[in-house]
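Note that chain A is present in both complexes that follow, paired respectively with chain B and with chain C.
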Partner chain A sequence: MTASTNTFDNTPFVIDYGPDLEDAISQLQERIEATPKLTQRYPARWLAIKLLEEDNIVSANVAGISGGAEILTIASQYIANLRSKYGEDVDTLIADRRYSWINHLVREIIRQGGADEPTTSDKIDQIVTNRWLGVPIFMLAMWAVFKLTTDVSAPYLDWITDVIGGPISNWALALLALVELENSWVASLVVEGVLAGVGGVLVFVPVLMSLFLALALLEDSGYMSRAAYVMDRLMRMVGLHGKAFVPLVVGFGCNVPAIYATRTLENRRDRILTGLLAPFMSCGARLPVYVLFATVFFPAYSSLAVFAMYLLGILVAVLIGLVLKNTLFKTSETTGMIMELPPYRLPTIRNVWSSMWQRTKGFLHGAATIILLTSIVVWALMAVPVGGEGAFADTDIDSSLFSRVSDLVTPVFKPLGFGSWEASGALISGFVAKEVVVSTLGQVYNVGGPDKVLEPTTFLEDVVSIVTSFAQATIDTFKSIPLILGIDLFGDEAQDAPSELMTAIRTGFEASSGGRGALAGLAFMVFVLLYTPCMAVVAAQRQEFGAKWMWTSVIGQFVIAWLVAFAVFQGGLILGI
Partner chain B sequence: MLQQVLHEIETANGPVYYGELARKLGVERSALDGMIQFWVQKGRLRRNVPPGHTDSTICGGSCRGSCPGPNSCPFVMKTPQAYSIRIQE
Partner chain C sequence: MINTTHTIALAGNPNTGKSTVFNALTGLDQHVGNWPGKTVEKKEGRWKYNGSEYRIIDLPGAYSLSSFSMEEIITRDFILEEKPDLVVVVVDAANLERNLYLAVQILEAEVNVILALNMSDIAAARGIDIDVSHLSEVLGVPVTPMAARKGQGLDDLKQVIADALNSTKNGGSHHQ
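This part shows the complex of A and B:
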């Protein structure tokens, strides 16, 4: 940047405000100069401009000076005349002239290396935010995110599954044996309640970390702002409020802040409408369900299946939004908006790690509190025998209180292909938090119970096994990265055998759907995507929009989920899929 | 110039961003920022920040919408800085 040299003279600095304003200023200035009490305190031109700007402090001071009231009256006449001529406040007219002068001055004296030439960010934006290319590029970015979350995180997912199912279960049983509790209800609680429940969810930590890593990379690189910009335009094109997309983008991480983010919308109707649509955005908590079911039923296309769920969520939100916008929420014009798009930059390790860790910590906190508590409640309900068969924590799971209660709602899900008490029970508990669906499935399919025979190993062998399998998972993760581009470095290496839970889910869904397990699994994924939001979201909706809209969301989403899942399953049957 | 800024935001078919508008009007970005702040002070533009938030960071979970900082909130997300035309009540 260089500044040109100039010779300064002693001429007082004056901005030319244009003929009409200058006329008013000079006439008012003359009246002020005729009032000595004022000129003793203020320069006349400066005071004239301040009075025309309706500066509160200066006006109050002038009012207290002899002759000041008369000057204020004259000033107000000039203000009224100018306002009626220009239809704008005089302070705006003055500021406008000042900004024009500043801009002219800056352009005259500053030579910035090609100020008018687009920067690198501008050049990238010409493609990334392009009217036609913006949306496909956003979809491509999302696709890469889901390839990362499913393919790249898979080795660590397998590693944690093996660690929880092997060494940690071994240690838990050994500790219970040490205190002679291995045959008590405590053993059942630890293994069937905590390990099957919380452990079943914790295995998905690598998946969520991958999602949070991808979100952090997109945010820190500056792309996330562009995504909001691009999608805003798309929302407007279909008639929705553009600003709604920011809360909806936030909803991809978690629906709770998405509900609070609706506060940025000015109009209450727009806030409620966006608040009703936000839960259709697939939050991170639903990802474990998708990944589990996609791996069980669509192992060759798991990324595509997960990606399809996210797209379906957006599509349903747009369709429901259009219906509501043209019925219940028929109002409000869209308002203009200006956004600051930060320049692109290379994401820093510190920022990315911090963002990823904060979110993962939030998930782990949920696992240690609400998921643990729900797993214990589900275990307790599964431990209570109904009909006098067995004893507490020593009953056939099919005769437990949990299975009987879940069975009551099973008929509702029969037309959707997953009318079993296991699936029904998982969906009921999923109201607490969506990831609980997975933990409950782990419990109800009773994999790895206390009776499970584990290979006897020493502590040292377990530690060695954890470390070596971690190293192998790390190598496999690096080998998985090219999968994002469709390059398979694994070749003919044997794929890992499905886990016990995966096999149990497949068998269960095949049975409940008359042999159409994959179709029922897809309907289940769709149902989890769309059905009643979790407890925390419902509480946020009540707080922000009131009980009436909360119930609209709770019941409405259940009905929508049922209808779409019904269409998927029954449509698939008709088409012979 | 000020009027032009407001007019461009009002009449754009979709959001506009700083760089695009600055180039279109031939103004420096810093000057444009000053003009935006002027309209915010005049009440014609509104900064899209939820009540209880000091910047464009959105929090969730137990924070119930007010953001004490990333260490206290399970979910924090930065959203783009944006200003929109204030609807006249």
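This part shows the complex of A and C:
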């Protein structure tokens, strides 16, 4: 590679705009140079050009300075003269001159070899953005993303569960034993509140990391822009700009950045509409709930059931978009779309890692604050005995304060098939963050915890088992990679023997639905998909769109979630599924 | 030369690899926030080189310096009001003509500019042969070819930045 001179030319850079424009520029420049307040702020020639371009911000600034009004008057005379002479706005003339100057320069410095030959990028685009193939290819890409998140992360998920439920709980109890607290409420708080809560979050870090990895690969390779382009026609049907697809895709990772990503849209109408629809995109935190329920109720078709949730979220967003387009957002049309398709590039490890790490860090930050707090609050609610039975931190959960609070809302969910205080309780804490739905279920169904018989092990044995099981998880993950591309839709996805939690959920849902557990489980998954994703999204919506739209979103989503889950459960009953 | 904090702004169209250059210079020493009162992301970082420390601002991707979008206004205001010591304009060598539209306008704002000719590898693969020294001569600024994603030309860029800042320190700068 050759570098150029490493110093600056001392003569200022000037483009020749032609005699008429140059005359106007130099006259204005002279006036500007006689006004020190202006030269302190702007280079004189630059300002002259901006005034002729009728740049409204710069003109407003100049108007506010003494002597500025006079200069603006002179500028407008030149603008009027030039416009009548050329029949075009002066900013267009200036832009034309700039482009032709650049064009001239580029001709001088570039020698193009294989000029009009389509690039590899163009060739890929002919297929990927093809009218008929574009959408199927996009769906395939999305399918690969979900296989990656469900299958590849699974071995690590098991590993984290085992480590937290085994050695870490053991160590915590052993440390508490040193201060003779191993049988007190403190031990209960640590193991059932803190470790169950945060541990239940950490368990899903592998899932989210692989999802963020997939999103980073899509973004860094340049495919994400194609996805937006391909989806443009579909997006327009729901009254959105093709660019709105990007926040919506980001929403599959996490709805919170999706809300912030609406900032890339030009007008407020598009931003708000996208911000109302983004929460229907099923985020990574909802995935664990689907995975758990799909494994409990649809073990043979769990991938399909999970995938169906994602599709349902999109479908609901489309329908709501159509409704809003013709009602609340009827007035203005979306602006035309200008979208750049950057050439395809091999994703770099650095960019992919940085993106994946920042997002995962954001999730962990949320986990550490909101979720830990929720887990402790829920634990405390469960620790407080109601009606004189039991003592603090030593009461049956069904006679705890939590069960009474949850019981209050239970009737709302009766027609949906999951009118039990356990399910209502999980949905209450799920309003704060979806990550805690599973851990709350773990707590309300009273599985795991210190009552579980743990085999006595030495510290060294623990460490060895942590390391060897991690290695085994890594091996299992690599073994699963070839299966991502396998078209194994209805294949054997039999899970391990159901865990205690799974058995408890099945029993609970069968009881609350009159023996239609699978239907109630499906309705529950649908409800989790459609109601408010988490407190952080609510906060983001308030910040971006104001309290009015925030409440519209919260109430609207609850109503929609209830109606769709109602339709699923009652419809299923009628059809006799 | 210790503790001289120069401010370097990175400007360029979207998708020119500006972020890659920013990451390469600052490593993990970054701070991501928002521009005051604006809903556009502001990335700032520190870069240490040969005992000097530099403040690096990653300006939002923009196509022009007009006032049509928030990104353009932020870029323009930063260049004119904060008067960075140096603006590194990252351009896509494979789409030079379109990218120069912003570069030329930044040059017109009479600031010290270095043109980072990124994605030179892609341009070369497409048979686009750029006369770098002639480009540098016409624009009156240093031009460095690079392929940031492959890590090529980054050392050159760092050296050119350091040299340029030294020369403005000794020679005349555009500041009043």
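The rule we apply is simple: the second predicted complex is superposed on the first by the 444 of 577 C-alpha atoms of A that agree within 3 Å, B and C clash if a C-alpha of one lies under 4 Å from a C-alpha of the other, contacts with A are read in each partner's own complex, and residues count from 1 in each chain.
By definition in this document, a residue touches a chain if its C-beta (ideal position, glycine included) is under 8 Å from a C-beta of that chain, and two chains touch if they have at least 3 such contacts.
This structure is a prediction, so every number in the text was calculated from the model and none was measured.
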Touched partner set for A:A540, first chain B, second chain C, both or neither: first
Contacts of A:R345 with chain B and chain C, given as first, second, both or neither: second
Touching partner for A:C254 - first (chain B), second (chain C), both, neither: first
First (chain B), second (chain C), both or neither touched by A:S354: both
First (chain B), second (chain C), both or neither touched by A:I57: second
Touching partner for A:N103 - first (chain B), second (chain C), both, neither: both
Which of chain B and chain C A:W46 touches, first, second, both or neither: second
Contacts of A:N183 with chain B and chain C, given as first, second, both or neither: neither
Touching both chain B and chain C, residues of chain A: 99, 102-103, 106, 110, 115, 119, 263, 266, 340, 342, 354, 358, 544
Chain A contact footprint on chain C (complex, rising order): 14-15, 19-20, 23-24, 32, 39-40, 66-67, 69, 73, 80-81, 94, 96-97, 100-101, 104-105, 107-110, 112, 120, 122, 126-146, 149, 152-153, 156, 159-160, 163-164, 167-168, 171-172, 174, 176
Complex contacts: residues of chain A adjacent to chain C: 1-15, 39-43, 45-46, 49, 53, 55-58, 91, 98-99, 101-103, 105-106, 108-115, 117, 119, 222, 263, 266, 340, 342-343, 345-346, 348, 350-351, 354, 358, 544
Residue ranges of chain A touching chain B (in the complex, touch as defined): 88-89, 92, 95-96, 99-100, 102-103, 106-107, 110, 115-116, 118-119, 121-122, 125, 129, 215, 219, 224-225, 228-229, 232-233, 236, 242-243, 246, 249-250, 253-254, 256-258, 260-261, 263-264, 266-267, 332-333, 335-342, 354-355, 358-359, 361-363, 365-366, 536, 540, 543-544
Touch list for chain B against partner chain A, complex: 1-3, 9-19, 21, 23, 26-28, 31, 34-36, 38, 42, 45-46, 48-52, 58-61, 64-65, 70-71, 73-87
